[in-house]
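Reading through the structure tokens given below for one structure.
Chain nomenclature is as follows: A, B, C, D and E, assigned in order of appearance, with residue numbering initiated at 1 for each chain independently.
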């Protein structure tokens, strides 16, 4: 019986999730949305998570990073080891620095996941300024680099666009 | 050549649906979104015609236009021999029972304040003179037919899962014994395991009631499963129409090829080896389509002529229609003799 | 969106259904892009999806979730070639394919997905399972190691001898 | 009990007032600082000739003054003249066709120019200008001309002998305005002279410094006022708007204002406010009588338009004097007063309840007598022959349509009276009509009080000044509203009695005051006590309030409440 | 955007003309007579003369164009004349009130300051109080604070000003004697003492009115915040590791403010409409009181002009609200 999904070789995993348990408090009881989920992730590996809606795959990932609103969500147990720290035990402030800094998150619907009232550039620059302490000019340059990296042509001009004027493909990359 | 025994139930000729764009101080019409721009095809009685394409290509608009949910800009639509393209909405009303629609989002298309029974009965109230008891019996039959428990007749839509809600939508469409149903992305909002249930249901009903479907979807594998023939739309036009097997085995139009190659292959060994055609760029705006061939801006096999002359939509092999210059120049003799 | 996630050179990128709402052609572009970026930046990626086709083309390993639990875990080739959990098997047969033989009729997983409630004391898939045994209703199966870095939470599927 | 307190309060005020006079003469003008007056109806203009509203006329009385006024007893007092002209002192011509006023010497306008007889003549011309829309034109009825005899003497000529020549220039509705200021404002231009209409030059104790229409008026002591010791207050703030309750509160409870006008409030509300001990309510009675008018003609809608409610068709049952008397007997006036007016009302049987010299002593109606009313109807042959509970005679049933204007107190009254009348065997249907329609006088509307398309109606009316002659004269035959007269006319009952008409003529030819009093009482009795054409209910008085620190207030219902504001002063603690 | 604004302005011209006509005809057909409040003792023929002197003798199809001309041509000319010392108006007849016989615009100009001070201030105060209440209520949904906010809103919605106003007066003016119960419109603020007096007399009416604004706006704010807090982009912002304050005050608030700003803008015309009841209670004789007195007195020119001005304001602020929406929300494009 394994402890959970193990990496192919014996190298230390980047992320190691053990027995994660998340419960939603609802009127008249609790919903066990994530139940003793364990897996790990090796450096450079691409792990697929398959399941239908309601199977708990999104909730699992949100639990890792404390993105679920609490209440009603309550991450009950388990450990999430990332770079030697247990993400479930560190302070919210420390966890905040992990989010967007060392762990990135891409969501489903690019249209609703981007804030419609801020420019794309502003939204890319926000974490740069928050986590890497870049000034406005450097952040802008880096944002441009990133857009080029993800293959958006005319990155410099795109920075000042709002998400709505972005085609779906560009918004998601 | 089409099989002579196959009788077209729906004939669409040069259908156009343009939405005007107004601008300027006096709101003069300055252009139009050419959502559907000259579409021609038949739907043969008893078949399922799949209509595929990317979002924004006009496939949904096309479906709605055929049912005359819009006042169309041009072209003709004949259903069961009756020309309805230019009919007034009032004159259409008695014909409505024969043509129905199943919508994509069962959540949004069901009135949350009506019970399931009321939702299914509503078309009966509108279009038939059945007694209350007869209507009740009919609602029960319909619920049986789509696999909904009759006990749930008094419940409201929110009490049902997505798949069940789609069944309610189907039952409503079936209430008036239609011949022709436009299914507009009926499974897009459903989970994988539920999609199969709904598709099987649609197939069963087709067999049982002799229905004809126009099945609009962006899910090419599901269309391959359900459709007998498939039409591929790009930017308001049908670029290719062919029997299912032929289309999937040997797509003629470069767009169809790209589209098929982009479908993910649920077999890792095949997935590794498959060669993908990745289309570059964005779909142009239907308000301002490119000159010549609509696809010329993204076509991997583009030629000079493509950006100048619009290719003719023509039958290049028996039962296979395509609109591409490659088949005009390299086509067979009967292709050059083909009608406009 | 991806640009934002990549902004600070993360070690791990979690992508939650990043292509679900997109057309196939765009989905293909994104998948290619993600592969590129991963190769370039060397980060680990968790890719959440309900589309087995996407997974087949991109993942190294896969975990399958059902009812809030991991029901099967395997390297991608292994999973597709040799699915052990009945749910995984059903899932693979449910989806029609773009190529190959066309099934006359789609396989259906009967019933509805479970409504999650109290901590499960039984296998969450048992009501829809075609190989369920009485034990499935009494105990929630743990993940049995099937060898080759493959495990499945199913009493019926357990044991490497079954894997044949 | 409450009445007593009020009267004692009033008496005390009077006493203070008397003392105050002595005290007030000792100081110099403006010594008492600021005075705050609050009227819950806000003045919109300071020209008495362009407004019928009491609020406007009383506000104007702070600035402009008539030649003579009436005091709190209704007796005339000279104001800008040395004496009131009478036949006895030669001021009124023996043939009663003219009156000659002699201005007091040395009077100045607030701008320092002298007041002359030319101003008096101008005032008359201003109001009598046919284009001007003067609201006080009635005051100048029968005036043929106004002559300037010399700088201080002015003579008013009448077209006919006028036994009461005190219409023009007497009382708050007929103040003198300055010719120089209004010279360009006659006729159609009258409404356009905003400056003059808002800030008139006057002879009164105050002048306007700031006028905000429908809001507030600021005034200061007139530097050229005739008595150098007056007024005691340097400035006046005349605030308008809100409601009577708030005005009462500001004087009786918070003490923010010194004088509040006409507190039309439930008696217990005023009593509760007065407990604050900051101010005192005062009350006084005038000639405003709430009454029921009997329709002497048939208002039946079955009659052709043009004949309906005209003398051509006498009323089917109200033309029987005994019926009218029985209806009057069934009413408990004391209860009505208690319910509707409290201290601000008293039961009356007279159309002319005051002044004393004109008021009849009839009190015969004050006791309710339902049984007597029933007996009277039986005696007159009105019995219930068909057993439906409603008396009838000769096939005519006593179905009464009773209309009034929309007003809470009136609807209470209607309900009570309906009950009493139904007790004596009639059926009563009630109607109430919006005041602006009921009193609007639109000849096209079927709902005006003049048209009287009902059997009985209830409202209140009064007369200006102290002389009831023209008021009583409005009940002559020819004053009945008729289709030919565009339904205009004050004799809305269509009462017609030659004896009454003759007596009115006699009154109009009599100058002797005692004799006039006798005739007036006789006329009053004819139309009320004797014929029961008009059934008076309540004599409505007025309650105002002043701060305890304000001295000199003498509430006057015959003139402006502010008539003696020059004598008001601050009571020293 | 500019074209859109301009086009909307053009459309509002016929709209407003139609509104003017409707108001005029309503007043024309309404039962009411400027002479109704005159004492009954005034003989009818005198009343008739007075009526003619007011211009009521003319039929409506003469009076309506006359009013239009006075409103749109003569009155602006007078403004220009008084501002630049020109003489365009040349003594043309302005719109004159039946009651005060003075130009209605003079009276309106006189009333505007106190209305703006009291009603406007109450609006500002109400909004300033409402926004934090709404934000915190939404962020801490179902907390004690939220419940308290709901309670206050309920009071604001359900307690009418004629009750709350009188209650305040009884407590603070009658019992405690701290604040004046009657607003002094003549007070000139020119030093610290008079400023203090102004504040004191404004406190009660402003609070009474602000309570209502607070109730309304805080509910909108709360609902809008709740709407946005559940949006995907909030999750994105958190996933980017933004501070909670940044998430709420920048991402959520900015989006939530869009509909609230519209509501606030749409509420502004009501400031000019005055607060009839509150003005009446505290004797803040502003535009509301002016309108009600004009109505009571059948002062047709005043009622007509005031209602039409309100109509203009409502139309304009509707436009402003729409334009603001376009300015603040990049999703909206008017073209």
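Throughout what follows, contacts are C-beta pairs under 8 Å (C-beta built on N, C-alpha and C of every residue); 3 or more make two chains touch, one makes a residue touch a chain.
Model, not experiment: these values are computed from the prediction.
Both subunit A and subunit B are touched by C, E. For subunit D, the chain with the farthest CA centroid is C. When chain centres are taken as C-alpha averages, the shortest distance to the whole-protein C-alpha average belongs to E. The pair of chains sharing the greatest count of C-beta contacts is A-C.
In terms of the distance between Cα centroids, subunit E is separated most widely from C.
Each chain gets one centre point, the mean of its Cα atoms, and the points for subunit A and subunit E are 48 Å apart. Separating the CA-averaged centres of subunit A and subunit D is a span of 86 Å. Taking each chain's centre as the mean of its C-alpha atoms, subunit A lies 19 Å from subunit C.
Subunit C and subunit E, compared by their mean Cα positions, are separated by 61 Å.
Shared interface positions of subunit E, i.e. residues touching 2 or more other chains, are given as 236, 239-240.
Multi-chain contact residues of subunit C (touching two or more other chains) are listed as 1, 4-5, 7, 23, 26, 29, 50, 52, 54-55, 76, 91, 113. Within subunit D, not a single residue touches two or more of the remaining chains.
Those residues of subunit C that touch subunit B in the shared complex are 23-29, 31-32, 50-57, 76-77, 80-81, 90-92, 94-99, 102-103, 105-109, 112-113.
Against subunit A, in their complex, subunit E makes its touches with residues 231-233, 235-244, 246, 251, 254-255, 258, 328-331.
Against subunit D, the residues of subunit E that register as touching in their complex are 31-33, 35-47, 49-54, 93, 96-97, 99-103, 106-107, 110-111, 169, 173-174, 177, 180-182, 184-186, 280-281, 283, 285, 289-290, 293, 297-298. Subunit D makes touch with subunit E in their complex at residues 38, 42, 44-45, 47, 50-54, 130-135, 137-138, 141, 188, 190-194, 197-198, 210, 212-216, 218, 237, 239-243, 246, 249-250, 253-254, 256-257, 276, 434-437, 439-442, 445, 461-464, 471, 486, 488-490. For subunit E in complex with subunit B, the residues that touch the partner chain are 3, 6-7, 10, 335.
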